[in-house]
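Across the two complexes that follow, chain A remains constant while its partner is chain B and subsequently chain C.
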Partner chain A sequence: MERSDGVGRAQRPDRLRLQHQKWRQFNYLLKEIKTLRLIYTTTAAWRKNIAASGPEKYTEAFIKKQIEEFDLGKRHLANMMGEDPETFTQEDIDRAIAYLFPSGLFDKRARPMMKHPTEIFPEQRKIQWGEDGRPFHFLFYTGKQSYYSLMHETYEKLLNVQKHQDQLAAQGISPQKEKKNLVGSRWVTKTELEGMLLEKLSDDDYSRFIRLLEKLMTLPCSDIEENYIKKFSKEIAVQLQKVSVEPLKYDEQGVAFSTGEGVRKTSRATAVVYGSGTGKITVNGIDVLHYFPVLQDREQLLFPFQFLDRIGKHDTTCTVSGGGRSSQAGAIRLATAKALRSFVTEKEVEFMRQAGLLTVDPRVRERKKPGQEGARRKFTWKKR
Partner chain B sequence: PPDLEDKLLTEPLRHPDFFNVKELFSLKDLFDARVHLGHKKGCRHQFMEPYIFGCRLDQDIIDLDQTMQHLQLALNFTAHVAYRKGIILFVSRNRQFCHLVESTARECGEYAHTRYWQGGLLTNAHIQFGPGIRLPDLLIFLSSLNNVFEPHVAIRDAAKMNIPTVGVVDTNCNPCLITYPIPGNDDSPTSMELYCKLFKMTIIRAKNKRKQIEVFQDLQSQEKHDTSRPVLAEGQA
Partner chain C sequence: MLRSVKGFICRPLKLDRGFALHTAAKDCFSSVVSQDVQIPAEKPRAIFYTSESDPARHSEQHEGHHYSIPLEEVKAVLPHGLPHRFQQQIKTFKEACIMVRKPALELFTYLKNSNFAHPVVRYVIYGERGTGKTMTLCHVVHFCARQGWLVLHIPDAHLWVKNCKELMQSSYNKERLDQPLQASFWLRNFRTTNESFLKEIKTQQKYVWSKRDSTEQGRPLGEVVEQGLTRVKNASDVVGVVLKEIKQQCCLGSFRVLVAVDGVNALWGRTTLKKEDKSPVSPEELTLVYNLRKMMMNNWNGGAVVTTLSQTGSLFKPSSAHLPHELLGKEGFDALDPFVPILVPNYTEREFESCYRYYLHCRWLQHDKARTEDGKEELRFLSGRNPWQLERLAAPL
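Up next, the complex of A and B:
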């Protein structure tokens, strides 16, 4: 097939050309599908095809019946398990169900469960108008009544705050803004807001709302409406958890020592580092030269000491199990680095962390996939 | 009883100003609220020329006598619609007065739409909202242009769906498709507050009148069954 390259570029190799062709075909198909969609449906139907989604799936009477059945079933279950029906909590129910219907399925959501109907059946929008046809909400005809009523309320709070500010200014008092700590809080996300309003939002709508909230917050007298703003801000858990360094321990002879644990692939190691020593390392009761004949592994073990310039100063005793020689070496390295933290200043601990001595190596063996020879290696490709 | 219901609905139609909306406003009120101020001569719409009194220093002045007549007709019409329990939808795309219009609608117990108008709201309502929906019976435009200074789509849609419209038309607006245009200023805060106040008062007045007449008719029908009680003097309708 012919392709006009424009500038005289060298022809791509065959396999790349085929891949490129396939990509173009796929892209063309995608575009076709998109154009097909444009022909057969309308934007109104995309957006809110409430009529097409069917009549109310769960009527109020249905939900009420489900709740009654749930309460009855809870009492029966309590009787079956020999417990008091009055004080039978949700955790007891979960335990009872897990006992009566043991399931080997991995997905927790696929296992049998018995929960209150309000948790199982999602909240739905009921019919929005009364018998005479008049809608209940005054912004019903906008389409997005909850979102626009929220905007209306927030704007009202803003006007309120401005009025208050004007009153204070008329009295001559200038309001002082206390710096609020914004670090630990974030605004509600779009999905959370959609859940609160029970309505689909667009990104534009969401950003508008957040901008309005921020404008409200930046005003000096916004303390009046703090309760309202708090409804839309969530606290973030403090991310940096300081790992406390363990203090040194002293054994019977008065020698300072410290322990550390390390993992690498499937190896697990524990190391005990003594404060005074000549740099001897013992692994599983065997000297390091005999246990790790390869130089590379012994270098790995020495690296933490070399980094801190304490090569001949500490004695180490380690136990290690699992894995191969390289992963065992890596596990012991991590264990000794963790143990050395107690002998060293905070600054040097930070240096060690930045050097990567204190991070667990997350690399594990990748599983083999069906249809392939290994994790990544595919079967030999034959043209014919 | 169908007799009384018939009377309930036809009686107001016999009087030209059953709800006495004329007393709600005066020429001086309109002048003080700066309703007569239009836009500059260059913005003038061709069809607004009959409603313009004159032009001073390039600014158009709207004829307040004509405004008074149109306003009276419009308020009378909204009162009748509210009396017959129609759904009234306030539309305005002016961002400055969006909150005011929504609060007015909420206080009267009617509906408002001061946000982006989605294309199929009136014409494709059964798909957008669901079957069995009741469309508004009157659209009140407190500003008949949208944010791009073009006629609001709802004017055309209401005309398509046979829904009567009442609208405040400024000198740069097209009064053609609006059933009850009110030539007047739609940009000043004072004039918008005046319009909101007037519409709110007419709607509340009409609804109260309806309740009053219904209660009165209930009492009357109760008495007819109870002939032992003395007949009350018929109050004025």
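Up next, the complex of A and C:
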């Protein structure tokens, strides 16, 4: 596009030059994106352990170059969008790319993206030998260099601890071991360890390593190597989430009430349960007998009250939309159960939870698949 | 409560009014033997039961109580008026117990205090589905029968405007259509209910049915009815004649007439019947409906017209419609206007309690849980205190 004609170049006005500059940047970015699309996918998108998936593909220098190019491209993009290059974050990049290259593709992973090379290039082991072909690591020819080096390291720590123990024993101080609470933590899983070491492990290797770690843990003076052990232990998230029960609200007349929401399939319901009442239920302004003429639906509505022995004690007003009659009934049931939590002791809330009154029913309509008549039903099989 | 218990124990020695309630008789005799032991056992029954079998003497104190009608009386007075499920219940329990409710008591006061010199007052019983409109009507019919009125009870006017297999062109009026089957069926039941009156009322003009049949003036009405039953072709005209005669003669004041129509909104609605050329039939073109409409007008005196609106059998009406305006339509409303509307609501707490105790007493609720308080609460919730729902719920228990 550039004319080598020196005369014309000097005469080109500034405005055009700026435009041309912008166009060049744009083209450069386009090239980047194109190449990105050709080769790059994020590690997350691959979803398999690429750490040991084969021989190394990228040299360290290559990765470094990619990072440089990425940073440059980021600055160009910021300029293009008219924003400050210094404070241009990854989210801004994503937004800018989505704006410049709008895509109607359904799969998010297929759309154009511009991410840091460390996210795009899978974290693989860089090439392990030098230009003369001599490997860097002394355990290279074992095949599992990282694993064996890790085992050596851990054993070294173990010996360290034992030496320390002996020293203390020699001094006459008996080592005090506090019982460490191991309940909230777990060891790294095999997959996580493979990710850390960037090479494949066998089950046997993994179990050996864990046994070694446990042995290290049981020693009295292992507190010195606590930092090292912490690298391989993870906290388990608290299983039971304490769902806080809302307190009762009071309306103008001083009547206590409480609201709850429920969903089932495509129905959404909200229920307001009043503390004093005769057991009347109104749905969308219509009496329950008229809205749910079928007995089964009314039984569903009865269940939370019957479970808590509070059948004639609460008045309920509900609004519900979507779904059919059965799913609306289920949604209202969940909503009333949630609302009743505020009126009831914690133990009874636990009973309700165990009875399944407070759980959202996850069943939804299964998708019809092509080549089949329905979700599961196949077409009639004809022998010939 | 105590008063009725005392009355209950004192009565068995009188054995009056053909009180054929077999369980009551058993209790009577056992109570004579050991009064002290039986008194606490009778109390539960007294909560929902009253031994007052004459509706004329029912009042607010009997509200919520069941009273029983002897089975022979049921056959004589209400051969065709009771709802089907109630008839099955009578067969099962071997007794016919109707609950005394407020709308019926209201009607009784009106009827007792009505001035029969004035044009007839029309009462329209309306309410949601299954609240007891037909039962109230039957209660009123029983009351009037006991009082000695002539009862013209049309059990369901909807039967006359739908599902008619035989439609004939009327011999009397070319434009109208006859329904011989329905007419003869009704005449048969009419004969059963009003045996005594058929002999007393005399025709006031001559009626010629065909070349060979005719009825002279001054013959008892019974003959006309027989004519209609034997010659089924003329049954609809016979019905018209009967209605005309009764209307004319009750103005004289010798007897009172109660016109009880269930499902009166059928008279002014649409029909599902079609003529031979597939054109729809409007209600005026049916002889039976035409004559009955004349009866519903308030240009006569000496009686009362009690009607019920019914959505269940109605044609082309949405299921949510239960108000007079919706079910009668403009035509019907204008024809019946002015009328006294009587709303029949669902059971009150007391009535529900009474009905539940009655079912328990008859051992209808066999399920163990049904006998507990929780079971009662559950029934109350699920039925919404609607009598029809409650009955259907209690049936499989």
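Keep this in mind: the second predicted complex is superposed on the first by the 311 of 384 C-alpha atoms of A that agree within 3 Å, B and C clash if a C-alpha of one lies under 4 Å from a C-alpha of the other, contacts with A are read in each partner's own complex, and residues count from 1 in each chain.
The rule is simple: a residue touches a chain if its C-beta (ideal position, glycine included) is under 8 Å from a C-beta of that chain, and two chains touch if they have at least 3 such contacts.
As the structure is a computational prediction, the values presented were derived from the model and not from experiment.
Chemist: Quick check on the superposed pair: does A:L159 touch chain B, chain C, both, or neither? Answer first, second, both or neither.
Modeler: first
Chemist: A:R134 in the overlay: touching chain B, chain C, both, or neither? Say first, second, both or neither.
Modeler: first
Chemist: Just checking: does A:A375 make contact with chain B only, chain C only, both, or neither of them? Give me first, second, both or neither.
Modeler: neither
Chemist: A:I120 contacts which: chain B (first), chain C (second), both, neither?
Modeler: In the superposition, A:I120 touches no partner, neither chain B nor chain C.
Chemist: A:Y148 in the overlay: touching chain B, chain C, both, or neither? Say first, second, both or neither.
Modeler: Only chain B is touched by A:Y148; chain C is not.
Chemist: Per the contact definition in the header, classify A:A355: touching chain B only (first), chain C only (second), both, or neither.
Modeler: It touches nothing on chain B or chain C.
Chemist: Does chain C touch more residues of chain A than chain B does, or is it the other way round?
Modeler: Looking at chain B versus chain C, the one contacting more residues of chain A is B.
Chemist: Identify the residues of chain A that lie in both the chain B contact region and the chain C contact region.
Modeler: None.
Chemist: For the complex, which residues does chain A have touching chain C?
Modeler: 279, 287-290, 295, 298-299, 302, 305-306, 309, 311-312
Chemist: Over in the complex, which chain B residues touch chain A? Could you list them?
Modeler: Listed in rising order, the residues are 85, 87, 89, 99, 102-103, 105-106, 109-113, 115, 118-121, 124, 126-134, 136.
Chemist: Quick one: which bits of chain A touch chain B in the complex? Just the residue numbers, please.
Modeler: Residues 42-45, 47-52, 127-129, 132-135, 138-144, 148, 152, 155-156, 159.
Chemist: Under the stated contact criterion, what part of chain C meets chain A in this complex?
Modeler: Checking each residue of chain C against chain A gives 320, 374, 377-378, 380-382, 384, 386, 389, 393.
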